[in-house]
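Just below is one structure, and these are the notes that go with it.
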Amino acid sequence: MSDQPELSVLEAIREALFEEMGRDERVMVLGMDVGRLGGVFRVTRGLMERYGPERVVDTPLAEGAIVGASLGLAIGGMVPVAEVQFLGFTHQAFHQIGPQLARYRFRSRGRFSAQVTIRAPFGGGTRTPEFHPDAIEAQFVQAPGVKIVCPAFPDDAKGLLLEAIRDPDPVLYLEPQRLYRSIRGPVPPGDHTVPFGSSRLVREGKDVLLVAWSAAVHLCLEAAGLLAQDGVEASVLDLRTLVPLDVAGLIAAVEQSGKVVVVHEAPLTGGFGAEIVATIQQEAFGSLDAPIRRVAARDTPYPPGSMEDYFLPSVRRIVAAARATVEY
Amino acid sequence: MIELLGVDGTVRGTSPMTSKQVVDALRLMLLSRAVDDRLIKLQRMGRVGVYGPVHGQEAAVIGSAMALDPHRDWIVPASREHPAMLRHGLPLMNMFATYMGNFDAAAIPDGVRLLPRQQAIGAQLPHAAGLAWALKLRRAGGVVAVYFGEGASSEGDFHEASNLAGVMRVPLVMLLINNHYAISTPVHRQTAATELAARADGYGFPGFVVDGNDLFAVYATTLDAVNRALSGGGPTLIECRTYRIGFHNTSDNPKEYRDPAEVDEAEQRDPIERVRRFATREGIWSAAIESAALDEIRSQIETAQRQVEELPRPGAAAIFEHVYEQLSPRLEQQKAEALDDARPS
Amino acid sequence: MSDQPELSVLEAIREALFEEMGRDERVMVLGMDVGRLGGVFRVTRGLMERYGPERVVDTPLAEGAIVGASLGLAIGGMVPVAEVQFLGFTHQAFHQIGPQLARYRFRSRGRFSAQVTIRAPFGGGTRTPEFHPDAIEAQFVQAPGVKIVCPAFPDDAKGLLLEAIRDPDPVLYLEPQRLYRSIRGPVPPGDHTVPFGSSRLVREGKDVLLVAWSAAVHLCLEAAGLLAQDGVEASVLDLRTLVPLDVAGLIAAVEQSGKVVVVHEAPLTGGFGAEIVATIQQEAFGSLDAPIRRVAARDTPYPPGSMEDYFLPSVRRIVAAARATVEY
Amino acid sequence: MIELLGVDGTVRGTSPMTSKQVVDALRLMLLSRAVDDRLIKLQRMGRVGVYGPVHGQEAAVIGSAMALDPHRDWIVPASREHPAMLRHGLPLMNMFATYMGNFDAAAIPDGVRLLPRQQAIGAQLPHAAGLAWALKLRRAGGVVAVYFGEGASSEGDFHEASNLAGVMRVPLVMLLINNHYAISTPVHRQTAATELAARADGYGFPGFVVDGNDLFAVYATTLDAVNRALSGGGPTLIECRTYRIGFHNTSDNPKEYRDPAEVDEAEQRDPIERVRRFATREGIWSAAIESAALDEIRSQIETAQRQVEELPRPGAAAIFEHVYEQLSPRLEQQKAEALDDARPS
């Protein structure tokens, strides 16, 4: 462990791209500003110099075409890793994701598959303008055929991205922009994959379970630290992938305490937290000792960056919800 | 507007097609019309869901398809181009299976360079641009021919795909089948442009308007575009001006929105009749040949239809196949429930 | 009651449009084929003859423009009622709905509002091709600012549409295509509105509550009929609007029996049923005597019409789920 | 390309603007540049989030805005057109509030015919088409001027809006500000078209390319378009060829992707300098006038900035305002929680 290099989330993603483009010459990267500039966050910096402008491509400003062409590229034998500049702009490509990319294997009865990864940064906490922080992952859950992946740590960022690129089905790979450079951690060098549908218990505690994904995992860890000071021991479960969902891992974690708080950055109503609650109460009804609380963003449009703290879930709200749940 | 074959069957200059090609095209046109008739009949009998006929557009669809090499080129269809798909290698049975609701039997067979029909208007255009891009990147040779209607040309997908194809200079032939209607909407309500082909200019590649009821003009213009694409010249937009003589589909009744006189006039420019006249004059076609061809077509159709009818219908398990390469535990569970459910109680 | 004319759902919608265009000259109808043809389902038949081609407009084939222009029309003082031919094709306009229409009041701090109604038929049961039956209502729930309305009966079809057109905020008005002509019922003539956020208990029974919206309400009623033959008394709650959600009405109904089944036509995972479950277990945890079951479509793409019965929720599955819940 | 005012400040023919207009334009251009400087400085101090300067594009933005009547016409901006917004009636304080994160104070005041800035590239185009359509339907008079970049011209929204505007023949002036870059992407990677204005043909209305650094050419071409629209002639597309001299925004560093020589060259064609030369030669401008103007601008900016700084910052309650006209019970509950939450513990 200790001899693994420490990387940021951003570096881990970049390393995965560098390695996989080296390993598989069908892999290509496309998107706005990903080439010469290396992307607005510089995630793809250096890729174009290394692999050339045929495989690292600056596209016109058209999200629908980026996704739609990626499907065609995959049918033609390439393995596209498309970047959408911010998840909020997948709205512009929505009709090419759920109804096209996700259904092409089904529609063609397996003749064609869409081995396409869409990378997109998302999430709040960086005071970025409208659309840029939108956490709209739940809107893709109703598009069967696509997988939804959301790492929260550097090692998972690498392992899940390599898994995504190799997955024969389309994957939405969501990058926690507030964590890009703010956390570092050991990342296994070389080939390292993390299977989809396996959650990760990142902290163990007997009193209450906090369930989250992406950047919210770190809010939960912080909350768990505060709760521990008061003698409340919280587990934190990082789902890592929403589709497929690790139902078995989730239920096993729930059964430890029978008390659950779900945390996400998207607005409360209709967020993926609702699915987590519905799944738990169906599969572990007998183990539940308190209602499952959800700590989420408010049911409003995303406000200007300077006001996002009023909107987003906070450590304080998580702590309060966990206490109320434990004391129920 | 590019025109070669007149309504009277005379050709301007020499025919761009060989005699064999002309005869092949004519057979395909007749097959197309017979398929229209059969599927409309089957729909009326409740054995087909919805069907949209090709009637009137045969020259545009078949003339362009004949400029392609099925072993080298790809076709990305919209939904009214099954004669092109058949010519490109789709078995007639698979085509019947499409409309008769057997989706497994409808699949594009391995090796056939065709994408499935597209029900979302215009959505196939970025796919085609991407596929052509892949051919270029892999130096695979070949071009992609993508079909779409004048209605589709109003969608954002048309624009984004065209512009991307221009920038990447991909081997793409864009076949805009302007049949003057999108369901009930006439082309003059679809756009104020006098020529849709003029849009190519705004994407940096050539555009042409052809008489879409003229087999030779469509064929020759498409062949030029294919050759341009093969030699690295990038995309071409071809607007084929034709007319949808039939209804939009079997749920539609065009009398509700268009003047029958307009249809009568279009019938005068029937794309099959002109080829028939040309071929007859050339001595490569006759009433006797046609009657034999029609017999053969009828039997092909009978066979295809029977083959589909004799197939087992896909059961509940089929909807869980090809969702992902592998089912998740949740989908496995749903599949088990569905199989249980589908069992007679 | 008995002197109210009996109308189909389709006729009730048409009546509302006729009346409101007569009442308010700012109201206009736009969409593909809505004018001369009267729409692919003939819902708008006769409107163009009556109100002229300036107020009843056949548009080009471009869903994004239909919705985006409707926002501009509203800003300019019109009251647009836009038809999207099928809800599945709102995918093409997705970026103009959640991020634009829904947020314009917020973004402009109330200077501009988007008094726009988007009508779209949806739902299965009519053997219609891909996209045409897609029940993607849940994808709009994460777009705060828009309201989501889904009538199941002729009287509500009229009353909710009039309410939608007059609502100063954007409304997605979802029409159950399988009910268009298959059910009839009394419809109050003249001005009749149904407030949003008020659910309707369409059948009362003490043993179990079936919660649904749109066409699925009728599946529940049928199931309740069958259950009654076996002595199981089911209530059926028609939510009528998803956003705003009638939480109070929902909880009151839940508390009658403490046993709940939620039914919807959309795929299970991430459907609005999850939100219903999450809300109930939060607000009525103590009253729940059994896990809430969800009966929904499968988590697969929509299959061809000929196979939709394998995909959709069925009366049989609802009956089975209700029995299992009662017997828990 | 339409050109009227040379780099040396000489005009081809007579000036299309009155002396007063020229002076007003020059003041606005100087204000724009001073605002750029101030907001960049405030961003560096952490008091502004992100700012995208107008630097280099002043003639395109201001020349077009000056052809509009604020009491009659509407402006639908993208995000780099605040000088046009100011000229159209947006108070400078509101503009500062936009960037300093006070969204309530940033709102467009009642009566000012402006839509808010748009962060989703291209999304404002269908809104503009719809608004122009409403003006036509209500016989309100006036036109809508919509701004967008050459990057935006690749989005589906551009296409769908243009085509709809053409069909409905609405009073719309489409101002395509081709500043040669979309973040790092140069226009030749954005499209293979040699002229973006050529796209107008494909929508059935006229398109023009103008030297976007030429105040007079932009003004005169826009005025023609406004008059055409007012007299029922429908939309016009105007491609203003200019150059983004500054960075894309304060998070960007153009040295990473473009040759400084290109920028030096663009500086030679500075849009302000030519107007200054022209006005000086005409005797309506001098160093003394400029220095007084700059003093006045500085004090305007000081005032606006101070006004914003003195405003109370919106609190938690503000995010629940204007979601809907009325809050639902669930939102009421969330609001109560949020207010509770925001209280210091």
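A, B, C and D label the chains in the order they appear, each numbered from 1.
Quick note on the criterion: a residue touches a chain if its C-beta (ideal position, glycine included) is under 8 Å from a C-beta of that chain, and two chains touch if they have at least 3 such contacts.
In this text the structure is predicted, and so the values were computed from the model without any measurement.
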| item | value |
| --- | --- |
| C-D or B-C - the one linked by more C-beta pairs in contact | C-D |
| Farthest chain relative to chain A (centres taken as mean CA coordinates) | B |
| Computed distance of Cα centres, chain D from chain A, in Å | 36 |
| Centre-to-centre distance between chain B and chain A (centres being mean Cα positions), rounded to whole Å | 40 |
| Per-residue multi-chain contacts in chain A, two or more chains | 60, 62, 64-65, 88, 91-92, 95, 99, 106-107, 130-131, 144-145, 243, 245, 269, 299-301 |
| Of all residues in chain B, the ones touching two or more other chains | 103, 120, 154-157, 160, 163, 167, 189-191, 323, 330 |
| Chain C to chain B touching residues, read off their complex | 32-33, 36-38, 40, 58, 60-62, 64-65, 88-89, 91-92, 127-132, 268-269, 298-301, 303-307, 310-311, 314, 316-317 |
| Residue numbers on chain A that touch chain C, as the complex places them | 88, 91-92, 94-95, 98-99, 102-103, 106-107, 130-131, 134, 136, 138-139, 141-142, 144-145, 243, 245, 266-267, 269-275, 277-278, 281-282, 285, 290-294, 299-301 |
| Residues of chain D that touch chain C when the two form their complex | 103-104, 106-110, 115-116, 120, 123, 125-135, 137-138, 140, 156-157, 160-161, 163-164, 167-168, 321-325, 328-330 |
| Touching residues on chain D, where the partner in the complex is chain A | 49-50, 101-103, 119-122, 151-152, 154-157, 182-185, 189-191, 251, 256-257, 313-316, 318-320, 323, 330-331, 334, 338, 341-342, 345 |
| Residues of chain B touching chain D in the complex | 154-160, 163, 166-167, 169, 189-196, 198-199, 201-205, 234 |
